[in-house]
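Chain IDs A, B, C and D follow the sequence of writing; residue 1 opens each chain.
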Amino acid sequence: MTIYLMCFFLFVMGLYCLIAKKHLIKKIIGIAILDYAVNLFLILIGYKSGGIPPVLFEGMNKQTFSQQSVDPLPQALVLTSIVISLGVLIMMVSIALRLYEKYKTFDTSEISRLRG
Amino acid sequence: MLVFYTLLAIMILGSIVAIETRNLLSSVISVGIVGFTLSILFLMLGAPDLAITQVVVEILALVILIRATISVDNTAIEKHRDTFAMVSSLVFVGLFLVFASYAFLEMHAFGESLMRTSQHYLDNGLAETGASNIVTSIILDYRAYDTLGEATVLFVSVLGATVIMRRIGRKRGVNL
Amino acid sequence: MGMSLIVKKVTQFVIGLIFLYGINIILFGHLGVGGGFAGGVILTCGFILIMLVFGREKAIQKMRTNVAHFLSCIGALAFLAIALLGYIDGTFFFNFIDHGKEFHLHSAGLIPFADIAISIIIVSAIFTIFVLLVFFGRFVGDAEEYENDEEYVGNIDRNL
Amino acid sequence: MQQLYPLFVAIPLGVAFLILLFPKSLTKLVEVIVAIAEIILLIMVIALIGHEPFSYFIGKWIPPIGITLVSDSISTLLLLLINIVGLLSLLYSFKYMEMYTSKIRFYSLFMLMVAGMSGVVITGDIFNLFVFLEIATISSYALVGFGCEHEELEASFKYMILGSVSSTLILLGIAILYATFGTLNMADLANSILANGINRSVLFAEGLFIMGFGLKGAMVPFHAWLPDAHPSAPAPISAMLSGVLIKACGIYAIIRVVYHVIGMTNITHIILMSLGVLSMVVGVLLAVGQWDFKRLLAYHSISQMGYVMVGIGLATPLGILGALFHLMNHAFFKSLLFLCSGAVEYSTGTRNLKEMGGLFKRMPVTSSSCSIASLSISGIPPFNGFWSKLLIIIALVQAEYYAIAAVTVGVSFLTLVSFIKVQRYSIFGDLPEKLKNIKEVPVLMGTVLVIFAVLCLLSGLLYPFFGNTLLEIARDTVIDQQKYIQLVLQVVP
């Protein structure tokens, strides 16, 4: 319970960074922290006390393995989610660099040609 | 158990530094601390696949982010605080936290995974797919369609970045 | 271009190991820890190391960007083809090759091939993006020169 | 047909990967390939209409172990919209995209967006829905910034930040549902929720889903990105974004989650209705004062999505029918309006209504199709917009929401006012000196506009012919949660 809340605290810090900060790189950092928090949360819910990694090695007892191993499905989901967040990061950095080239600033309060 | 709390506390501290520091480079490096601590935490939580992936992805992400910051001549951020944005975001964040803790009261306790569908993977994964790494058997056999989507996401984002970074977007001479 | 002699010598020694480790992780992803994605990113990090130590010209000699672009499409098509091959025996993504012996390289049907396809996508795509980021903004001064050029990535090779 | 269902994703993906291998000199061939792929997809969807609902197990893994694809009438309806609007926008972009560089990459991103949306629509697994949502939205970020000008990059960045936040919220919702029930299959989740009742974690997850999908679908408190992003994109992409993307990624996902996974409750009913009314009113009020043609249309998208949301939230059969009908009509007339604005921009080089005037003399095809679309969106009989708005209003009156019905009529009137303004300043009036030499758009673009205009007219008038096979079945599917569970799990719950 406490550990879920701590993980969630990380999540809301990412949200705070996104809303309150006006700097493009800081906003990207906010998104990165959000992704860390969600990935961590997925792994936390799949953890079993004293669990072992879900990898079988030769000679291991399959019975005890399937009782002791942690939940493998969230790990698969997080693997997908890490790749997706890398993709989003690449796109965001490229757009931010292009914006810097155009406006010569990273400050969103100065990047505001669009209004209404 | 204590080690999880300690590592998570380090992550929270690292992200506070990353959010609040005025120097861009130190901000990016603090994010690196958060990411690397996360990979240690993954290792402790029984996810070595993720730990490897997180480390290498973190390296790449840091290199890319540092590339973005060194293009700026002055890496310090000027001081201007938007009090309204700060207060409103704090209120929003606080509400979010309250609702979350309200919801978490009914979730299973930490360390008691539910394993409703996953037990099938653990019991039959090796026999049905032949991969002794159950995570691989999930991502490349049981849920391979997701992985197709995942690879496509990376492909799309790289394609998108090449499109965004091309020198000339619109042709000259055509009207507009 | 590049760093001092000591760094270069050490890198020459280490780089082979890094590539071997990456390939190992890709091929044995279904038996031990790892997989196509992690191995692919490790290989890419090897390329980035070459780029940092020997200068970017050397890295681009090893893998030209249009080759990388081509390879990423081929990798994606290969993965899609693996998915469609399942139709031979029924449905989309059906792992139809016989599974072989447990705990051996040939034990999981199509999974190693899927790993290889993914790692090709990852290596080529991330290498492309990295080169792009490194060279971005380097031609700002003479943008007019490229008025007729459409593909920015294409310029990079020509300008080295 | 049943065996070929995954090809709705595989064909656009394959085409997108393949055409990047062609050199720039073969752009014409690429255009032919892309058009053929879209036509094949459209034929496949038409073959699917009226088909019995079925579920498809990828890799022969039965649910909840593997990923399941589900075909029922609502996914068919969305697939039909995606492919009609996709094909026509593609034909339009052959000529329109001449003014941009890197056309092959544009087509590739376009096909990836189509693949992403189709993936969202056909899937029966909630995490898979998230993955394909990301494909569709990431390609749309790149397409919004395709011109690489100041405003476009800025809009793209804004869209991207909000889009990433919404994706993260959705992923968190998925994580909480997984933590509570230990499964990812939507039907299996629905079954578990029916068995255990709705508890607080489910409510929290539902809130996260409504926030996340509401951000993707630009409901009013979360609408900030849409008026920037949709006008900045090239016109065919604006048509795709406003025409189908906000529906496939926003409205459709909300329908699936609220009706099929979690089940409609009183709280959800109130939340969805208030979101709908807010979007309707705020969208139209912001639209009236706009002078930028495309921005005005973007605000109207918010307002019209509000109508759909009111119908969905009402949860009576007639309301849902009206909402689905309006969803379809909006796809036609809003795409047509965006394509018309693109045509005007192509010929005159401006989007500012004050600089236009008298276009009817020079551009008769564009002007008349624009008029038809304007009449449709403002709900003038006999065009399609009238019938669907009428259905929603009747449903509201039947459910005794008289005040909301009055608001709906008022919003419709304001829509009419703002489109009279558009007509007055662009089509009628005097031709400014600057625009004396403008020409009508090329034949292919004109044909697309005419086809859309005909669709706008016919989808209103021919309702008795297709209403039964397309819309009323979809309405029954939306309401019947049990049938959905049974379809996927093939057990009696």
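Going forward, contacts are C-beta pairs under 8 Å (C-beta built on N, C-alpha and C of every residue); 3 or more make two chains touch, one makes a residue touch a chain.
Computed from a prediction, not measured in an experiment: that's the story for all the values here.
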item	value
Maximum inter-chain contact count - chain pair	A-B
Mean-CA-position distance for chain C and chain B (Å)	22
Approximate Å spacing (C-alpha centroids) for the pair chain A, chain B	2
CA centroid of chain A to CA centroid of chain D, Å	28
In chain C, residues with contacts to at least two other chains	32-33, 35, 37, 76, 80, 83, 92-93, 95, 103, 129, 132-133, 136-137, 150-151
Residue list for chain B, restricted to those that touch at least two other chains	48-49, 53, 57, 60, 64, 67, 71, 100, 104-105, 107-108, 114-115, 117-118, 121, 126, 132-133, 135, 139, 141, 143-158, 160-162, 164-166, 168
Touching two or more other chains - residues of chain A	15, 45, 53, 55, 57-58, 73, 79-80, 83-84, 87-88, 90-91, 93-98
Pairwise touch network: line, ring, star, complete, or other	complete
Chain D-touching residues of chain B, taken from the complex the two chains share	99-100, 102-108, 114-118, 120-121, 141-146, 148-150, 152-153, 155-157, 159-164, 166, 168-171, 174-176
Contacting residues of chain C [partner chain D, same complex]	69-70, 73-74, 76-77, 80, 83-84, 86-87, 90-95, 150-151
Complex interface listing, chain A residues touching chain D	11, 15, 18, 24, 27, 31, 34-35, 38, 41-42, 45, 73-74, 77, 80-81, 84, 87-88, 91-92, 95-96, 98-99, 102-103, 111-114, 116
Of all residues in chain D, those that touch chain B in their complex	6, 13, 17, 20, 58-59, 61, 64-67, 98-102, 105-106, 108-109, 112, 115, 119, 127-128, 131-132, 134-135, 138-139, 141-142, 145-149, 152-153, 156, 176, 179-184, 188, 199-201, 203-205, 207, 345-346, 349
Residues of chain D defined as touching chain A within the complex	127, 131, 134, 138, 141-142, 145, 148, 150-151, 153-158, 160-161, 164-165, 167-168, 171-172, 175, 178-179, 184, 227-228, 232, 286, 290, 292, 295
